[in-house]
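Below, subunit A partners subunit B and then partners subunit C, in two separate complexes.
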Partner chain A sequence: MEEKIFDLAIIGFGPAAITAGIYASRYKLNSMIIGKTKGGMITTAHLMDNYPGIEDVSGIDFTDKIVKHLEKYKECKIKEDEVIGISEIDNNFFISTKDGENIKSKSLIIATGTEKRKANIKGEKEFIGKGVTYCTTCDGFLYKNKKVVVLGSGDSAFNSALYLSNIAEKVYLICRKCSPSTENKNLIEKVEENEKIEILYETEVEEIKGEKMVEKIITNKKEEIEVSGVFIEIGLIPQSVLFQNLNIEFENNFIKINKYCETSKKGVFAAGDITTGFCELKQVITAEAMGAVSATYANKYLKTK
Partner chain B sequence: MEEKIFDLAIIGFGPAAITAGIYASRYKLNSMIIGKTKGGMITTAHLMDNYPGIEDVSGIDFTDKIVKHLEKYKECKIKEDEVIGISEIDNNFFISTKDGENIKSKSLIIATGTEKRKANIKGEKEFIGKGVTYCTTCDGFLYKNKKVVVLGSGDSAFNSALYLSNIAEKVYLICRKCSPSTENKNLIEKVEENEKIEILYETEVEEIKGEKMVEKIITNKKEEIEVSGVFIEIGLIPQSVLFQNLNIEFENNFIKINKYCETSKKGVFAAGDITTGFCELKQVITAEAMGAVSATYANKYLKTK
Partner chain C sequence: MNITELTKENFKESVKEGVSVVDFWAPWCAPCNMMTPILQNLSEEATNFKVFKVNVDQEQELGAEFNIMSIPCLKIIKDGEVKEEIIGLTSKERILEVINTII
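Right, the complex of A and B next:
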């Protein structure tokens, strides 16, 4: 019995991966998407309004739309599973998953994105799931009429504060710096105008305290602030550890690609938030563009293989 | 009275320009879009199914969606007009339009796209509007139950033939080369399987003939083929002539940009099909990604100006 070999394996399940799957299907490639979280990071977006043609959509509804679009194309198999190992022999790729599957493929698109960064504050680890969270849209509803704090100074922190202002009694937004890191003036304005949000600049959280659940935080100014929830929104870590043994080039753990989404290794492409070198603006629309580019050049690569 | 000056002028009105307008609005820039054709080239697409989240949509319906999305943001003025002149003094840009408007702006995004290439066949010019056309979706309906010919070997020619097969009695698809230029196997299969379409490879059209309207074509093999319509789909010309005096860098008349959509001149950005150097794959999704990138870095530029 001949072993099944895919033309293309797409690792990840966010907008970049899904777009790669759609394009690969249109090129009639026999492909498979393997990812643990349908939609990836975008599912945590409360409201998205910068994807042209789809106004005011939640990350979850947007994910449903693009996954449904992909599912129409039968050429791309979908596997909700976690990749735990990957190796290469003679330009073929061998992927093993948590569910015990072994998948063989002639080419690879890596689109595993990024995950939220930990703050390394005293008490943070202890209170994860007991008041400390990294996903506002997942856990926000738990804090109805309670006091919460958001840590961070970028778009995600400001968006998180806004989102929580609709739920919580009071939102503290704590920035280590003296000004926001985002250039989105629209966003800054909305936060500043919001009566429920209090921004504390040049402030750090030194400790998260409580009995069984979070009760308060202590700042570097030795202030105690009573809160039930601590939302940490301080940046992203590329999910690239798995691919270190593929001998591809990295930069600060992001995967280096050129304008064809090629990595430094033949047959290995990358797209979306995990990449650097091609498109540095991280947005759904740019991730999808890279998904389209990666599938297009994977198709060209397979033709010449 | 102080003269009105925009933060940003976006020239063009296709997906790249519209996305730039949406992003610019979210950055609270005071901007204006100036373009003669709402939607640009995409309006000529019969059916688009590779824009994730919006399935099976006509180019015109897609345009309506993204224009409606843009119109929600009041920060970006929309002007359906043709730019006829542009100049720069001290990093400010002066734009004059066919309707006699003079617009002043601190920065510029060029997103004027491409137009269809002429074939330079004997009779072509004479019969434009009398059977010779460059827009299948605009004129296809005129050829119900008639015989037509499509010239070209790329995606647009193959799509054109498919579209016309639903209308015309018979479609000849004439390629100069011995094989299609497109790598879209899905598309090639559909055309080859279509009983109404006959593909003639390694064939050229030498003359288009008729009394008042097109009646037949003569090939280089001296064959006469009776047709009422000649659809020319042989490539694109970048709409960049207007910008030659801006001292920006070109490559084969496409505007050279880097990964921030910057041209070689400060304050001038470009996005979409008119560009080269950043993203070479020309698709709606990539044009829009460039629109987002160009507005983002225009915003950064304006902050430091």
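Right, the complex of A and C next:
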């Protein structure tokens, strides 16, 4: 491959990265998106209804729209690949990917988002795909008229429970805390009023058991609950390990940014769920806003370089 | 050429002989959609095995018969018998690796 240096490399392929790509293209930057999963986390949303201008849209349809929009611009190349290494020499960044490519760039936007947290329960790993799942929208319908349990007390756990109540015979929602940790009153009300959902507060799952497939869970109160499915929705972990050697600042593994989406290192910007930015609201609209801001200030930075 | 979708009517007959990779999927599952181009590519290059798909939304009986509890799920079948499975999004290399242990 010829030695080519990009103005901007955008790592990630979620809403933050895609928006950064659109803005960078409009600034005529020679840029490249390198991302593992097209659309990122929102592809797993059954329904999004809080994005102004687009009502009731599935995560997959929404992704199609924003990717199409990005592809309209030819300035931003797209590479569906995983970044496995990154280093900096003389203010330039060297990125290596799983497919064995090396990409060189003058600036960087990190938008690698988060991944679902594993619960580390006895039996969890063994039963992945045999009853244990992390994607309600993918697998929910496979539990028609079965009993399931959802672990977690936040927004996604409550949403999952509600979604599953339309499919499963019975849904147990197991929260470690003593009250919901979502602020969404409307959602809490719907879950609490739903006859199929039983909420167990201050409860933890100690073990997942079964012969070949999940058959039951055992709680810290030594209660046995018969279920076929265990849906784990206990939060997200930032995908930031890869960037530790860039000498940027972190806060609880999230990348620290200022209001211009700058990290503590010149030429490195970050956007979306991976960051500490925008009052901790982790949504598509805030991720996209940060994507726009980061590309704008990357453009400014490149002009001074 | 598109990958052949199997139904409960033709499933047994189709996987009866040789090695087959069967992808259990559904349209609304994002990781399943990401598997599609990988499988497409795999099937175009396949010489000593076959690639099929089963839409578990339409083919619920097959889904139940094969204990599909998470998708995408690939079953690697030899002469009608399931030998291996790969659950979740995976790479072409990984699938080939598994196939090669069976062929």
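The rule is short, and it goes like this: the second predicted complex is superposed on the first by the 300 of 305 C-alpha atoms of A that agree within 3 Å, B and C clash if a C-alpha of one lies under 4 Å from a C-alpha of the other, contacts with A are read in each partner's own complex, and residues count from 1 in each chain.
To be clear about the criterion, a residue touches a chain if its C-beta (ideal position, glycine included) is under 8 Å from a C-beta of that chain, and two chains touch if they have at least 3 such contacts.
In this text the structure is predicted, and so the values were computed from the model without any measurement.
When both complexes are overlaid on chain A, the residue A:Lys77 reaches neither subunit B nor subunit C.
Legend: residue contacts after superposition of the two complexes on their common chain; A:Lys104 is shown touching neither subunit B nor subunit C.
Of the two partner chains, subunit C is the only one that A:Cys135 touches; subunit B does not reach it. Comparing subunit B with subunit C, more residues of subunit A are touched by B. In the superposition on chain A, A:Lys256 contacts neither subunit B nor subunit C.
By the touch criterion stated above, A:Lys190 is placed in contact with neither subunit B nor subunit C. When the two complexes are overlaid on their common chain A, residue A:Lys300 makes contact with subunit B while staying clear of subunit C. By the document's definition of touching, of the two partners only subunit B reaches A:Tyr23; subunit C does not.
Interface residues of subunit A facing subunit C in the complex, by the touch rule stated above, are 37-39, 43-44, 46, 58-60, 63, 128-133, 135, 137-139, 141-144, 212-214, 228-229. Interface residues of subunit C facing subunit A in the complex, by the touch rule stated above, are 26, 28-34, 56-57, 60, 63, 67-71, 73, 85, 87-89.
Partner subunit A is touched in their complex by these residues of subunit B: 15, 18-19, 22-23, 26-28, 49-55, 62, 65-66, 68-70, 72, 183-186, 189, 259-260, 278-281, 283, 285-286, 288-290, 292-293, 296, 299-300, 303.
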